[in-house]
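Each of the next two complexes has chain A plus one more chain, namely chain B in the first and chain C in the second.
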Partner chain A sequence: MTTILEHGQPIKMPAEAVARAIINQLPLFILDVRNSSDYDNWKIEGIRVESVNIPYFDLLEGVDSALPLLPTDNRRVLVVCAKEGSSQFVAEQLVALGLSNIYFLQGGMKAWSEHLEPVRIGALESGGELYQFVRLGKGCLSYMLISGGEAAVVDPLRMTDVFEEFAKQRGVQIKHTLDTHLHADHISGGRRLAENNGANYWLPSKDAEDVTFHYHPLDEGNQITVGNTRIAIQPIYSPGHTIGSTSIIIDGKYLLSGDILFVESIGRPDLAGNASDWADHLRTTLYDKYRALSDELIVLPAHFGKTTELGEGGKVSARLGDLYATNPGLNMGNEDAFRLAVTTNLPSQPHAYQEIRKVNMGFIQPSAEEQREMEIGPNRCAIHD
Partner chain B sequence: MKIDVHVDTKGLACPMPLVKGKKALDKMLPGQIMELVSTDKGALNDFKAWVKQSKNEWISHQESNGVHTFLIRKG
Partner chain C sequence: MVKQITANQVLDCKGLACPMPIVRTKKAMDALKPGEVIEMQATDKGSLADIQGWAINTGHHYIGTLYEGEILKHFIRKASTDEEKEDHPYARTIDNQSVIGMLEAKAKLLILDVREPVEFAFIHIPGAVSIPLGDLDSRMNELVPDEEIYVICRTGKRSNYACRLLSEKGYRVTNVIPGMSQWNGPTEQTGQYPI
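So, the complex of A and B:
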């Protein structure tokens, strides 16, 4: 507080601090100054986050019109825009009017989209550990399994340096990177992470028919081991979101369900081709194949849609048996009702999803800035918004 | 089409393209045309959204090698 009064400047808040506030359910008021269509499409959300949208171009001649919308209690006010400049511009004017507790988001929504928060999921047999990396801004989840000095990364995101740094800190070598399917909402870091670390890149062969690069087939029956303690990664063919979608059982305890099963929804079958062709695969996977697995498995999906899905410390997980009771996607009645629900009235597709698939197949190599731009927005991989 | 006012905002990030564009339009007469050049991709959608709710009129947009040129008629 004194800092603001002495310097008359708003405080720059990094994405990491916003992530902490959301995970710890601290109150935060957001003044989002992007244009309204960008705001309606995608914004920062949290259980105790309240936000309003006033485009910065309506505040160029003064921020007085924003004042009645700001909180009267002592909550922190975070001004947010796409990159940073406009939020700083507005935040400075608020401070100039004598307001305190004014922050702006460092790097804007671009930085928010790229922030990853590592959360420990639990121990594995023989001393290994499993971590989840939560990308709050886009709702993506990656995993790192560590055992005996080695690591495997499942569904790694484009920000490969985060995984490399994490592995380095723990003194482990990344030996395997795996994609549970060909992603359409984000650019996979799997191939680059493997290349940088001399690791093997695994991708389901049915999703890799057109790819331009070498990969190891992540197919049922091909078991992968990590470390000398033999932590087993067991692939389970589970088509539906894509034809190659493959789930992974780790240590007989964790089910990495990719984009097939989420905590509050199920994967959509329309992003990689024909929804109606794959709707039946999706049903068989969820209602027969998964049903035959142990209820005690801990489901660890590749996405979440709402911040209500975040649990303790920000982790996203659920017991498989519990999801059969609570997840609407697992309680859809007969085949016809299911088919209708997963093929009609779906939310809009993820931003640039066709181009993102091309990047993940190796057809196009956009620049880092173009890749960042392609990934703007929420993941939208579930059938429910 | 006769361009009355040129505004070059190349290299500037938000909010400057809009700040400069708006300032220029404020000094123009109704019916005059402003050409604004920007290298900030985000400025395009923001300008469109702003023009829509103002009395001004959006005429056109062109992009070439990352340089966006748009024409706005003062309302």
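So, the complex of A and C:
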């Protein structure tokens, strides 16, 4: 087969390639042609990503006005829009002006929001493995624990096919899906993933009081085992972000902290109810209950906020003892200072968070397209932006 | 009965993905006369924020959007360069606040709104009479000559022109400035046209 490379066409860049560039800290210049309010609200970020915003509708007369803003070095220029069409429209005009190294984002920000990057966290005792799935576009993190031909998925995202494909490639069967709490920033894939694979769906009972479906209570004392090698999933009741928030300790080594503790921040207590009611729970969890755990635990949260939190290979993790030294949320002084910090000047709430909670409780069943629309934007589950 | 509002042109962009709705609107707009209104129909939800952003940056006036099921109907009025010329300002003017004050004091005012019917439908002062500037010559006889008429448009330019026209014919008129673009008094919409 002969491939004829058409001269003068911009190159389609898949979300996966953008993810690799960000994780590997490669330079990338982004021309984002969405309208300015969408850009200001949410954009592609990375340590070596530089971006400018010129809405495509300002370039209808020609793209000449964009030229002075583009890099003069040989960096790749990625044109980005919501779905793809406008970025291709602009990229083609840039190429027509003789520019090279012009790319456009395949599937636009929609595809970017849905891309998951699997990263291996490490081996477990008796042969198991733990993987983290990094949703770079939204800052969400899911986990898959594999042991003895079985798998458990923690905080699975709506893109359940990614987890199914991953399990299939490794020849393991998904036996359990768990949500550490009732999510408000993204639509959980936990229930669907369990239904599709004949697995058990676990949810903290205190977050599940109103739900319309059957679930297994993810409550302290109910230990879950995966595989013949009996990898232990130990739930720890840790309220604060929601009243039911439950962390889990895997293999006595990893602390999956849900939306209670992040690497550079802590969870916000206002998305599921009244911030001031739960501020004290949050403090007790972080300053007493977590404090009593081993400093050597590796914290694996359900979110990250900034790309500076991405470590080697894109993984987001930290030693619990280190976080007590570096995380501002764990160093807030007395109770009044803490209460003030977690109840005032919080970032704006995640897009459509009330509707998302309703979906996760089973009250409404929006179409796939509507679900995608609801999840647009950053997660905003931490008290810091 | 609610009068069916018609734009000067209806542009069908249903089923088209970004950027085509805006590309086609721009093309259609180029062919319109200043002051004319286009109704662009789209199914792409993103077209709402984009048409608003585009209108602001090009100086066209985004009037509003109607939702009919999955269809969004955007109304945009082409920027009018003639209107921007402020030669021959009509002498008798009143500011928005004074008109609001009189309305609050329950004064019975005859307010003549000379904007396009679509603009009027989306937002107007309760009780205002709608006669678009272009129809004023032929419909002038609907107005009472002895009564004081407060003439309003979006920015005070069309109403300035209307005031001069009416005053030449012997009507008693006052131009309301700056007009509906800055109006923060009571408003209403025409029945079937909620924003």
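To be clear about the criterion, the second predicted complex is superposed on the first by the 379 of 385 C-alpha atoms of A that agree within 3 Å, B and C clash if a C-alpha of one lies under 4 Å from a C-alpha of the other, contacts with A are read in each partner's own complex, and residues count from 1 in each chain.
In the analysis below, contacts are C-beta pairs under 8 Å (C-beta built on N, C-alpha and C of every residue); 3 or more make two chains touch, one makes a residue touch a chain.
This structure is a prediction, so every number in the text was calculated from the model and none was measured.
> Give one word, clash or fit, describing how chain B and chain C relate on chain A after superposing.
Superposition result for chain B and chain C: clash.
> Name the contact category of A:Ser86: first (chain B only), second (chain C only), both, or neither.
The answer is both, since A:Ser86 touches chain B and chain C.
> Touch test for A:Arg372: chain B only (first), chain C only (second), both, or neither?
A:Arg372 sits against neither chain B nor chain C.
> Would you sort A:Asn35 into first (chain B), second (chain C), both or neither based on which partner it touches?
both
> For A:Pro55 in the superposed arrangement: first (chain B), second (chain C), both or neither?
A:Pro55 contacts both chain B and chain C.
> If the shared chain A is used to align the two complexes, which stretch of chain C, 22-30, 94-102 or 130-138, clashes with chain B?
Clashing stretch of chain C against chain B: 22-30.
> List the residues of chain A that touch chain B in one complex and chain C in the other.
Of chain A, residues 35-38, 55-57, 60, 81-83, 85-86, 89, 373 contact chain B in one complex and chain C in the other.
> Quick one: in the complex, what on chain B touches chain A?
Residues of chain B touching chain A: 13-16, 18-19, 22, 41-42, 45-46, 49-50.
> So in the complex, the part of chain C that touches chain A is made up of which residues?
Counting only chain C, the residues touching chain A are 17-20, 22-23, 26, 45-46, 49-50, 52-54, 57.
> For the complex, give me every residue of chain A touching chain B.
The contact residues of chain A facing chain B are 34-38, 55-57, 60, 81-83, 85-86, 89, 373.
> Which residues, counting only chain A, touch chain C once they are in their complex?
35-38, 55-58, 60, 81-83, 85-86, 89, 373
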